[in-house]
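Chains: A, B, C, D, E and F, in written order; residue numbering restarts at 1 for each.
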Amino acid sequence: MSTPLMNQLGIVKRNIERADRAAAEHLGRLGSATVHEAMGRVGLLKPYMRPIYAGAQVSGTAVTVLLHPGDNWMMHVAAEQIQPGDIVVAALSAECGDGFFGDLLATSFMARGARGLVIDAGVRDVRILAEMGFPVWSKGVSAKGTIKATLGSVNIPVICAGALVNPGDVIVADDDGVAVVPAADAARVAEVAQKREDLEGEKRARLAAGVLGLDMYNMREPLARAGLKYID
Amino acid sequence: MSTPLMNQLGIVKRNIERADRAAAEHLGRLGSATVHEAMGRVGLLKPYMRPIYAGAQVSGTAVTVLLHPGDNWMMHVAAEQIQPGDIVVAALSAECGDGFFGDLLATSFMARGARGLVIDAGVRDVRILAEMGFPVWSKGVSAKGTIKATLGSVNIPVICAGALVNPGDVIVADDDGVAVVPAADAARVAEVAQKREDLEGEKRARLAAGVLGLDMYNMREPLARAGLKYID
Amino acid sequence: MSTPLMNQLGIVKRNIERADRAAAEHLGRLGSATVHEAMGRVGLLKPYMRPIYAGAQVSGTAVTVLLHPGDNWMMHVAAEQIQPGDIVVAALSAECGDGFFGDLLATSFMARGARGLVIDAGVRDVRILAEMGFPVWSKGVSAKGTIKATLGSVNIPVICAGALVNPGDVIVADDDGVAVVPAADAARVAEVAQKREDLEGEKRARLAAGVLGLDMYNMREPLARAGLKYID
Amino acid sequence: MSTPLMNQLGIVKRNIERADRAAAEHLGRLGSATVHEAMGRVGLLKPYMRPIYAGAQVSGTAVTVLLHPGDNWMMHVAAEQIQPGDIVVAALSAECGDGFFGDLLATSFMARGARGLVIDAGVRDVRILAEMGFPVWSKGVSAKGTIKATLGSVNIPVICAGALVNPGDVIVADDDGVAVVPAADAARVAEVAQKREDLEGEKRARLAAGVLGLDMYNMREPLARAGLKYID
Amino acid sequence: MSTPLMNQLGIVKRNIERADRAAAEHLGRLGSATVHEAMGRVGLLKPYMRPIYAGAQVSGTAVTVLLHPGDNWMMHVAAEQIQPGDIVVAALSAECGDGFFGDLLATSFMARGARGLVIDAGVRDVRILAEMGFPVWSKGVSAKGTIKATLGSVNIPVICAGALVNPGDVIVADDDGVAVVPAADAARVAEVAQKREDLEGEKRARLAAGVLGLDMYNMREPLARAGLKYID
Amino acid sequence: MSTPLMNQLGIVKRNIERADRAAAEHLGRLGSATVHEAMGRVGLLKPYMRPIYAGAQVSGTAVTVLLHPGDNWMMHVAAEQIQPGDIVVAALSAECGDGFFGDLLATSFMARGARGLVIDAGVRDVRILAEMGFPVWSKGVSAKGTIKATLGSVNIPVICAGALVNPGDVIVADDDGVAVVPAADAARVAEVAQKREDLEGEKRARLAAGVLGLDMYNMREPLARAGLKYID
């Protein structure tokens, strides 16, 4: 079960097994919160990962890249590995807030069919990225540029914002954050998540009509048993 | 004068004394910055409490709830205590950034007449909440869900983002932050705040016409007395 | 070469040498990221300086002000020193997140011709500031007001968000952050930055057409030499 | 139940009801973690409050002081209110990390019989304070000094590091943090806490002998019922 | 290569393959910085993981545990899986700073032969832990206790402070931080690290004698080639 | 007065004007807090700069070095510029927490006569550094190593932790933090600081004897005038 992350600097894996396309699309429509719940409340990147503009909701299969602080050389290597429907997931070997990505790389990524970028670092040209409609989830925004001098790797397992992402995994990103679903589990999780979602419509209608969650979820009895006391 | 915060876990206070409705409305129109000044520069929650979308400006009477990390059970108990014009103020017994609140609870809160939520934790479904027009001031956004297993309390005094909030107090929240006005002081503070506000219109006109604050506030003499020196 | 920052409390320098107006305008059109690159990847304020609303892109000559925590008295002194085309740069003698600036001061600054404010502290009335179209880059937003009791200085060299700003320097601020260009270097930097920018249009077109950065920048050979390995 | 915190700037309350001395001493011997548990897992200041040196464990009755950022004038006013066995608890009206307290004030506080200081801000002269054996729990260390210009209050209820402290409450501080026990509850909490402590000695001996908590606390059955699975 | 982290809640793996004992000991003597360099500058947990007391330097094989915020139930389950020479590595499913571990659990862990604890959360009873000589690397210190209500897992792969740790991996922890070495690589890394270490003694002697790194590492020529200029 | 910080990458200034040695020694005996007060409450580096071990109090003349994130090449260049009595001040062109400095460099710096290091980044081998008695003030500790690939500069003006440091300035560092005194002001500041210090001994004695600051500083009248009210 061991995942040897080391000894993999300077490696580009060309053939990766991408999650089922339909499952990835399905998960994207459900959103990060529902997907995370369907997985058993795991699978989220840390909440400091925020979208550079509001309203985007995307999903795709991960092309991963491991970068070193202040160096975005491997982003160009990663671009070549992008296939339509992919989302690039960029991890850092140590914390760095520089702007590793801007409008030129976004132009290239879009030309390759990328749906977005998730990067555990900074990004720049954010106004233009918003105009281009290329969504990015990042740790922050910074005009600080990077150099191109150090090898990292592409399509190896990476830890991005506290979550393990394997190449080919499904990424679901929206205003609530970013979820990752292992490729092999995508179809199953989509099914479970859809069931959750199906139940929500009815619940929403009842709550909108004034029914209390206390009654709808039958909470009064367990609350009383736990010792809840009402006073005046 | 002692406020015993302990020994109150698992308690729901049904009858609370809400601040005067007209005073609450009045304070809401004046905004958090003006209200805080009128109170003598106190009464603000910490500035990390930010709105999930720009432009909302609301006021209401506090229904308070004390939650435990990772557990939103008491939000459902709080829902039942909401009356039209209330704002729910959720405090945590220890720091937690999970998403305690989403669109289903918002639907329920809105159906009960709540004007918004102030929560010293995370929130999710933020895009839908913005579409619903249900404003939330929170410590952050997180897709991470919570469980329903531990008793907290409703309508006890709580400390939310560094401020003491008693049930029934007036909450004023806008893009600048969140202010809390003790219920008994609401009318008086509204009056003082209105006087500040009345003076501002005239000041704004004079400043817009090019009059300097140095002259309008008669600052030149005290600045000179304090030792200010102009050099070329 | 020594810049004596001390012994300057309580000083207002009236005559400062402002950078060339045309160069300042030129730099503003190029944006903070391009300008920073043209300077040799230096000259940025720390990335925690964020705009209070998205989309503003301004440049101007710096009027500097050194404030003490919780005290905005010198902002009024600074207002008098503003000339059309200036941007006020406010530094703090110690960290403070209070709201030092609101709509009244903004009205005054605008009347004097200021293009914006860069402040290493908090700001308030942000909704009104956005409506007024007065851009501010700040460390945060806070409704907390300040007093007027302590002397600072105006138009002395200051360190704002980690960058040295001399009065008259060019400030370039946009959604990516804030850059400062020494007045004496403005024209030269604008020229270098423009050359960078000129090259970008062609690059963008090629990348949009599907050309890879790997090929456009001739990276394949240096990557191989550095030891990059492709595996299947 | 309302605690009006406002309208109290510039007030010094001379006669406060201090918690029972014996109970305070008793709680101090038990430590902050045990006391917090005995209170039902509440009553702790935020964990960013750290001792300036390791190994101190003190308790005392609170003399409270509300300070404004950058201004320690009221510390001198508070000094006069100190009685032997007190601990000064200093809250700030807004966040500030300056060094509000040093060896001169410590000399004065010690002469009055203070057992320590808990301050939601910075402190300085820490090496000398350690040599003097005057323990301080603070948000940080800073050589930055303060001025003496603004009124605060002494012996009003304050919120210090997220916890409500009323004058006279018991403060328990050690390397694990700071707990506050309402004066009226001190004796009862001490009794409960002592019972917890009494049980710990025996538990410790059994665990040291190799007995597992799984068995000592009879956890195996509830774990199995919750669904725990052992695999090889 | 995929590491399915999900679907593993509520699982305890009893038989794990531990790294070679001798290699683990060897790595411990070399320290986290040398080990990290020998691995190619990877393998470190985030630097916010700090020891609760200075001077400890340990190594051991990882027993991993995944905890939920505010709940340390699984620490007792983990205790049973400890073998002499192990270090427990505790990861959290979401950020939490509570004190998950104190002197009673430490007594149990020591009785089982554990060499230390690495936990991405808080810890308490730190004075006693220091007296016991049980080293802990944690995110912080907090007197806040936890409950025992939610299943996690033991001996699954976990992400602790940004690093993937598989059960059986070697943990090296000292005042500089915490490194993790995959079990299969332990012997090889120890060998490489020892070679680095062997070279350091001679270097240290030369540097102490006044030889400059510029000369010892032959840096003058590459520096000149890179464009370094000396001015007077 | 302009200090052109740009266009100086890749420069080593060999001849710098160091502050008067006696003044530097004198300031070191007075400590950072007293020196900062004597300068008019300016001149401090940000308080996140902490010593790696307690108890060191040093002063010296600054040899400055500008480093890039993840790259400590210039530290070796700086070593050659050290003269006995210097303190190296290392600034970063962008935020980075890596461990730029360890026992080998410390050995070299000590051999050259350095009194310590102030670095706005991380440091490692801290246990050995403590044993060597080489004090370091840093932003943190990290085992993460750096590379040697990018030019920075030595002995140019730098901004370190928010303060401008010119080569030759006096650095005063102790447990309270780090102060910088411009070389030209060292003697004057030492004199002012000594006067402050001379007054403190007498004050301390009076406070220890129970005299209140209220009386010693004649605060009662201004407090009353400001509106302070005593209640019972």
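Details
FYI, a contact is a pair of C-beta atoms (placed from the backbone, for glycine too) under 8 Å apart; a residue touches a chain by one contact, two chains touch by 3 or more.
Values in this document were obtained by computation on a predicted structure and should not be read as measured data.
Contacts with chain A and chain D are shared by B, C, E, F. Residues touching across the chain B-chain D interface largely coincide between the two copies, over half of the numbers being common to both.
Residue-numbered contact pairs of A-F overlap by over half with those of C-D, the repeat interface among A-C, C-D or B-D.
Centre-to-centre spacing of chain B and chain E amounts to 42 Å, using the average Cα coordinate of each chain.
Work out the mean CA point of chain D and of chain F, and you get 32 Å between them. Note: centroid distance chain A to chain E, computed from Cα atoms, is 27 Å. In chain E, the residues that reach two or more other chains under the touch definition are 41, 44, 94-95, 97, 144.
Looking at which chains touch one another, you get A-B, A-C, A-E, A-F, B-C, B-D, B-E, C-D, C-F, D-E, D-F, E-F.
Within the complex formed with chain B, the chain C residues making contact are 10-15, 53, 73, 76-77, 79-80, 97, 99, 102-105, 107-108, 110-112, 122, 124-127, 130, 140-145, 148, 151. Interface of chain C with chain A (complex): residues 31-33, 36-37, 41, 44, 47, 50, 54-55, 57, 174-177, 179, 200, 203-204, 207-210, 212-214, 217, 219, 223, 226-232.
Those residues of chain C lying in contact with chain F across their complex are 1-7, 9, 39-44, 46, 93-95, 157, 159, 162-164, 166, 182-185. Taken in their complex, chain F has these residues touching chain A: 68-70, 94-98, 144, 147, 149-150.
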